[in-house]
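The next part holds the structures, each set out as C-alpha cells.
The two complexes that follow have chain A in common; it is paired with chain B in the first and with chain C in the second.
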Partner chain A sequence: MSRILEINIFRYNPEDPASVPRMQTYYLEETPNLNLFIALNRLKEEQDPSLMFDFCCRAAICGACAMVINGKPQLACKTKTKDFPNQINLMPLPGFKLIGDLCVDTGSWFRIMNEKLEAWVHTNKEFDPEAEEERMENSLAEQIYELDRCIECGCCIAACATAQMRSGFLGAVALNRIARFILDPRDKRSEQQYFEIIGTDQGIFGCMGLLACEDICPKNIPLQDQLGYLRKKMGVLAVKNYLFWKKRS
Partner chain B sequence: MEIIYSDLLCIGAGLAGERVAIEVAQNGFKVVCLSLVPARRSHSSAAQGGMQAALGNCIKGEGDNPDIHFEDTVKGSDWGCDQEVAKLFAHTAPIAIRQLAYWGVPWNRVVSGRSFYYKGGKRFEKIERIEKHGLITARDFGGTAKWRACYCSDGTGHSLLYTIDSVAISKGVLVHDRSEAISLIQDGENCLGAVVRCLRTGKLRVYLAKATLIATGGFGRIYRASTNAIINEGGGLIIALETGLVPLGNMEAVQFHPTGIVPGDILVTEGCRGDGGVLLDINKYRFMPDYEPEKAELASRDVVARRMVEHMRKGFGVKSPYGEHLWLDIRHLGKEHITTKLREVYDICLNFLGINPVEELIPVRPTQHYSMGGIKTNVYGEAYGLKGLFAAGEAACWDMHGFNRLGGNSLAETIVAGMIVGKRIVEFLQEREVNFSLKLVELELKKQQEKINKLIFGKGRENVYKVRNAMQDILMDYVGIFRNEKDLQLAVDNLQELLERSKQIKLRSNGLGANSELSLALKIEGMVKLALCVAYGALQRKESRGAHTREDYPYRNDRDWWVRTLAYFKEKDSLPTLEYEPATKKIFLPPGKRGYGGTKIVPYDYPKDAPLPEL
Partner chain C sequence: MRATNVRKINFSNTVAYLDLSQAITGIFLCLFMLTHTLLVFSIIFGEKCFNKVALFFESTGLAWSSGIFLTIIFLFHFLLTARKIPFSFTEQAKFWSQAKMINHQDTWLWLVQVLTGIVILLFGSIHIWVILNDLPITALKSKHLMQKGGWVYFYVLFLFSVAFHLGLGLYRIGVKWGFITSQNRLKSKKYLFILVGTLIMIDSISLLFFYF
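And now, the complex of A and B:
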C-alpha cells in the first residue's frame, strides 16, 4: 500500500484581495521515486491550478526551486518524498520578497548583490582578439570553478541567522563570490578594494560563524573554508588599516 | 498603460540574449532584457560538457583549425546547414572562447606531460606539450575530427552564463525577470516591441524598442519527455509565428540526445562518452562498434540515438517500469575523474537515480534535447518577414546546425551569434528611426487583454493541462526518432483537432497575480501550432536527413530535398503554409558522405526525372 501524503503548503496571493496568508492541506498518493517537482505539479494540475511555486531545470542546477521543506531550506526538485514522514510542510524561503505562495523574488536580491560586489573581473587590459589567451594553471582553474559552482538558490541566506536578523547582510553566497574573485588573477582589484566591499559588519565581520550555510548548501560548496579565509585575510587588513590610521592621527 | 522604451528589447536573457545585449550596450544603447526567470536560471546553465572552438592546444586537438571545425559542422548537419553561416561561426569561435577567458570563465587548461585517457573502454596514454601548458584544453565530443570541446568540468554552461551575466551587469544591461512577452507589436513591416505579462503581478506592460531580439531558446517541452528546462515552451517562436509574417525554419529537425536518464529525462553530458564512457545493452554488451565501426559511441547524436533505438527494437533493451533503456558505463573512468570532470553527472545520478556512477551503470535512452529549427534569420540574425526583428541562439534557425547539431556547438553558437548579431543590431540602431503609433499599441494591448478575459470569464470548457498533455503524447508517439507517413498523418490530424480545442480553454483558477495556469493558457494554442509545424514539416519532407529519419524514405535526397523548410502560420488556418529555400546559397563543401551513420544518398546531380535508386 502506498502512503497518502499530507502536504501542507503556505498560501498567499498578494494580488488577490480575497487572499489571506494561511496553510492549506493537500493529500496526494505517493508513487515510486516521487520528488517534490512531480508532487507539486500533480497538485497544481489535478487539484489546484492556483498554486504558485518555481521550478526551472528540475535537475538541481539552476537554483529556482529552493523552499523550506519541513523546516529546512533546500531544493525541491531533488527532494524525494520517501525521505520524509507522511506530513510534509512547505514554506517560502525567508529573507526574500514574497511573490505568492512558495515563490520568492530571488532575482532582484541577487542582482542587487552582484551590483554591490561588482562581481565581475576588473581589469584595465583591453581584449585582443588576435592574441593567444593568457595562461593559467589547471589546478587554479579548478579551484575557481569549485567556487563558481554556486547556483544562487538562496538557501544559505534563508538558513543564516545573521541575514534573518539584519537585512543588508551579504551572506555566504556573496562572501563566496568575493573569495572566487580574490582567487582569480584576472581580477586586478586590490585587497583594499575587496576590504571596502566586505570588511564591515554587513560583510565578513557580521558572520557569527554558525555555519548553517555550510550544512545547507545544495552544491556542497566549502563555505566554511571561504568564510575562515576571508575573516583572516580581512582581519589582518583591518588591523593594518587601524595602525595606519593611528600613526597618521 | 505602462510603456517602457529601449533601443533594444531582448526577449530572453540566456547566453545568446545577454551576449547580444552586451555588444549593443557597450556601444551606448539602452538594452532591456526580458526573462521568464532570473537570468542566471536560464536553460543555458544546463549545458554541461563543452563549447566547440578550434584552438588546437591539447595534443589530441593538434592541427585543428576553423576549416576542420567547419567541415565537421557541415557533416554533422547532414549538409542541411547554411555553409556561409557555418564558416563564419567556426572562424569566430576561437575569438569568442578567448574573450570568455578574458571575462573570467575558468576554462580547464592543458597540463603538460604524460596522462591517460579512455576511448571505447580502453586506456591510452598521451603526452601534452610543454609549450601548450596552461592554454585552454579540450575534450573529445561526437562527430568531430579533433578534441575541440573546451570545458569547465561539466558545468560549462553554468560558468559561461554566470560570467556573461556578470559582464551584462557591468555594462548596465537591465534584466526584467519574471516577464513574459505574449505578443509582438508590429505594423506589418516593422517590429516595434512586445506586449508583456508581468509574472510577479500578472499585469500587462508594453515595451517599445527600435530593435527586438528573440533569444528564448528551444521548444523541447512540446514533447512529453525532454531534457529541456520546463520554461522551454517555445514562447519566442510562438509570438513570431503568430504574426503570420515571420517563418520558422526546419521545424521538423528535432534532436534526441542519446543519454537522457531513465526515469527523469535529465541530461547526462556527451562528455561521458567523449571521456571514454561506453553504451551497453541488456547483456552488458558494447553494441555501438557493431553499427559504427569507426566512430562507435562518438558518432553524431542523431546517429547514436538511431542506433540505440534500432538495438532496443531488436530486443536488447533493458526493461523497466519506466519503459526500455540501455546502459551508460563510465565506471572505468575512475572516481577521481568522475567526481571532478563529470561532477554534475555524478550529482545527477546520486540525486535523481540514487545510484553511484563510479560503481553502477547509468540507465539512459534517447530523449528530446534540442531544436535545430527556429525563427529563420539571415547570416546577420535578421528575421525574415519583419524589419527590426532579430533572433539568436537556439530560438533561431541561423542555420549552422541543419538537421543535426554537434555536441558543444550550441554553447558556441550562443556566444558567436551573440557577437555577430549584436554587431549588426548596433549598425541597425545607428540608422534606425521609428515612429511608435500609440493606436497600434493600444490595439495590441486590448487584443491581449481580451484574450485573458476570455480565458478567465469565457465560455470555454477545455482544461489547459489536458490539452498540453495530449499534444505532448501525440509528438512522443508519432513524431519521434523514426518517422513514417502513417504516423505523421495521424499526428497532423490529431494536432489539428487539438488546435480547435486549444481555442476553447477556460481557467479553473481565478487567474490573478503570478498565475501559471494563465501563463500556459496564453500560449497553448501557439504550442500546438509549433507542434503542427514540426509534424507537418516532417510529413512533407520525403527523405531522411540528420535527425529527420523517414522509414519510408530512407535516402538523403540531395536532388529534391537539399532545401530548408519555411513554415508560416496564417491567422485562421489550421495548418502551416510551407515554403522551401535552398539549404545553402554558398557551397564550400559539396554534399558527400558523413563518415558515420551509413546514410544512402541520392546525389544532387542525380538525373532530374530518373526514378530513385532501388534500396
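And now, the complex of A and C:
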C-alpha cells in the first residue's frame, strides 16, 4: 500500500489583488522513488494548473527548484518524499522577492551580489584568442572547481539567520565565491582589494558562525572552511596593515 | 577588466579590529573564569586554605586592581558583542521566525549565547559590585552571603549562564576564525560541552561547600 501524502503549499500571487497568502493542502499518492519535483509537476498537471514553482534541470544542477521543505531550504528535485513523514510543508525561500507561490526571484539578488564582488577574473594580461590556455596544477584546478560547484540556488541565504536579519549581509555564497577567486592565480587582485570587498560587517566580519549554510548546502560545498579561512586571512591582513602603517606613512 | 582599473574605495580596518578584539577579550575572559573557578574551588580544602588564597590576592593588591581591570574588559566585551545582538524588534522577530523555521542546533545555540550573555551582564555586574564593596574576601563572609535571601538561586543561575556562555563562545570563536574546521567540528563541540559540564560540576561543589 502506498502512502497518501498530504502536501501543504504556500499560495500567494502578489500580482493578483484578490489573492491572500495562505496554505493550501493537496493529496497525492506516493509512487516508488517519488521526488518533490515530480510530485509538484503531478499536482500541477492533475490537480491545480495555477500552482507556481520553478524548475528546470531536475538534476540538482540549475538551482531553480530551491524551496523550504519542512523548514529546511532544499532542492525539490533532490528531495525524495520517502525521507519525509506523510505531511510535507512547502514554503518559498525567505529573503528573496516573491514572484508567486513557491517562485522567488533569486536572479536579481545574485546579480547585485556578483556585481558587488566583481565576480570575474581581474587581470592585466591582454587576451590573446590564439594562445593556448594557461596551465595550472591539477590539484589547484580541483580546489577551485570544488568551490565553483555552487549553483546559486539561494539555500544558504535562506538558511542563514544573519542574512535574514541583516539584508545587506553578503552570505556564504558570496564569501565562497571570493575564496574561489583568491585561489585562482589568474585573478591578479591583491589581498587588499579583496579586503575592500569583504572586510566589513556586511562581509566576512558580519558572519556569526551559525553554520546553517554549511549544514544545508545541497551541493555540500565546504562553506564552513571557506568562512574560517577568509576571516583568518582578512584578520591577519588588518593586523599587518596596523603594524606596517607607520612605515608606509 | 584590468586589476589596476578596480575602483579605489576608502576602506577601513576598524571592523576587523573590532571583530578581533571581540574574540581576544572573549578568550581572555574565558581564561579568567577558569582561574576564578579553580581559586574558589580551594574552599573544599577548608576555610583556612580559601582564606589564605584570598589573603594572597588581598595583600598584593590584586583583588581590587584585577577586579577593576576585569570589569573594564567585561564591559568592553559586551560593547563589542553588542554589534551582533539584535536590539531592534524587527531583527528579533526575524531571528525568532528563522530559528523556528529551520530548527537548527547551532542557530538555537546562538540564541542561548545571547541570552546567557545578557544574564551575565546583569548578574556579573551585581556580583562584582557586591564582592568588591565588601573586601577582603573571606570564607565566612561568602558563606553568610550564600545562606541568606535568594543569593543561592542567583549564583546557580549565574554559574549555569557563565558555563554555557563560555563553552558556546569558545566554539563560536573556533568556527569563525577557522580553528574548528568541518573535519573536527563535532569532536570540538563534544569537548567543549564536556568543559561546560566540568565547569558546572566544579562550581556546584564550591557552591555546596559555601551553602552548608
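Everything below uses one rule, namely that the second predicted complex is superposed on the first by the 239 of 249 C-alpha atoms of A that agree within 3 Å, B and C clash if a C-alpha of one lies under 4 Å from a C-alpha of the other, contacts with A are read in each partner's own complex, and residues count from 1 in each chain.
Here is the rule we use: a residue touches a chain if its C-beta (ideal position, glycine included) is under 8 Å from a C-beta of that chain, and two chains touch if they have at least 3 such contacts.
Owing to the predicted nature of the structure, the values given are computational and were not obtained by experimental measurement.
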Is A:Asn176 touching the first partner chain B, the second partner chain C, both, or neither of them? neither
Comparing chain C with chain B, which touches more residues belonging to chain A? B
If we overlay the two complexes on their shared chain A, which of chain B and chain C does A:Met165 touch? Say first, second, both or neither. second
Would you sort A:Glu214 into first (chain B), second (chain C), both or neither based on which partner it touches? second
Using the superposition on chain A described above, determine whether A:Ala238 touches chain B (first), chain C (second), both, or neither. second
In the superposed arrangement, which partner chain does A:Thr81 touch: chain B (first), chain C (second), both, or neither? neither
By the touch definition at the top of the document, which applies to A:Gly199: first (chain B), second (chain C), both, or neither? second
Given the touch rule stated above, what does A:Glu118 touch, chain B (first), chain C (second), both, or neither? both
Per the definitions at the top, what is the overlap between the chain A residues touching chain B and those touching chain C? 118, 120, 123
In the complex, the residues of chain B that touch chain A are 37-43, 45-46, 95, 97-99, 101-104, 106-111, 133-137, 152-153, 155, 158-159, 162-163, 165-167, 169-170, 175, 177-178, 200-202, 229-231, 263-264, 266-267, 321, 340, 344, 347-348, 351-352, 465, 507-510, 512-517
Can you tell me which positions in chain C touch chain A when the two form their complex? 1-4, 6, 9, 11, 13, 15-20, 83-84, 86, 91, 94-95, 98-99, 101-104, 106-107, 110, 172, 175-182, 185
Of all residues in chain A, those that touch chain B in their complex: 13-16, 32-33, 35, 44-45, 48-50, 52, 54-64, 78, 99-100, 103, 105-108, 110-111, 114-115, 118-121, 123, 125, 127, 129, 131-138, 141-142, 144-145, 148-149, 151-152, 184, 186-187
Touching chain C in the complex, chain A uses residues 68, 71-73, 91, 94, 118, 120, 122-124, 159, 161, 164-166, 188-190, 193, 195-196, 199-201, 205, 207-212, 214-216, 222, 224-225, 227-229, 231-232, 234-235, 237-239, 241-242
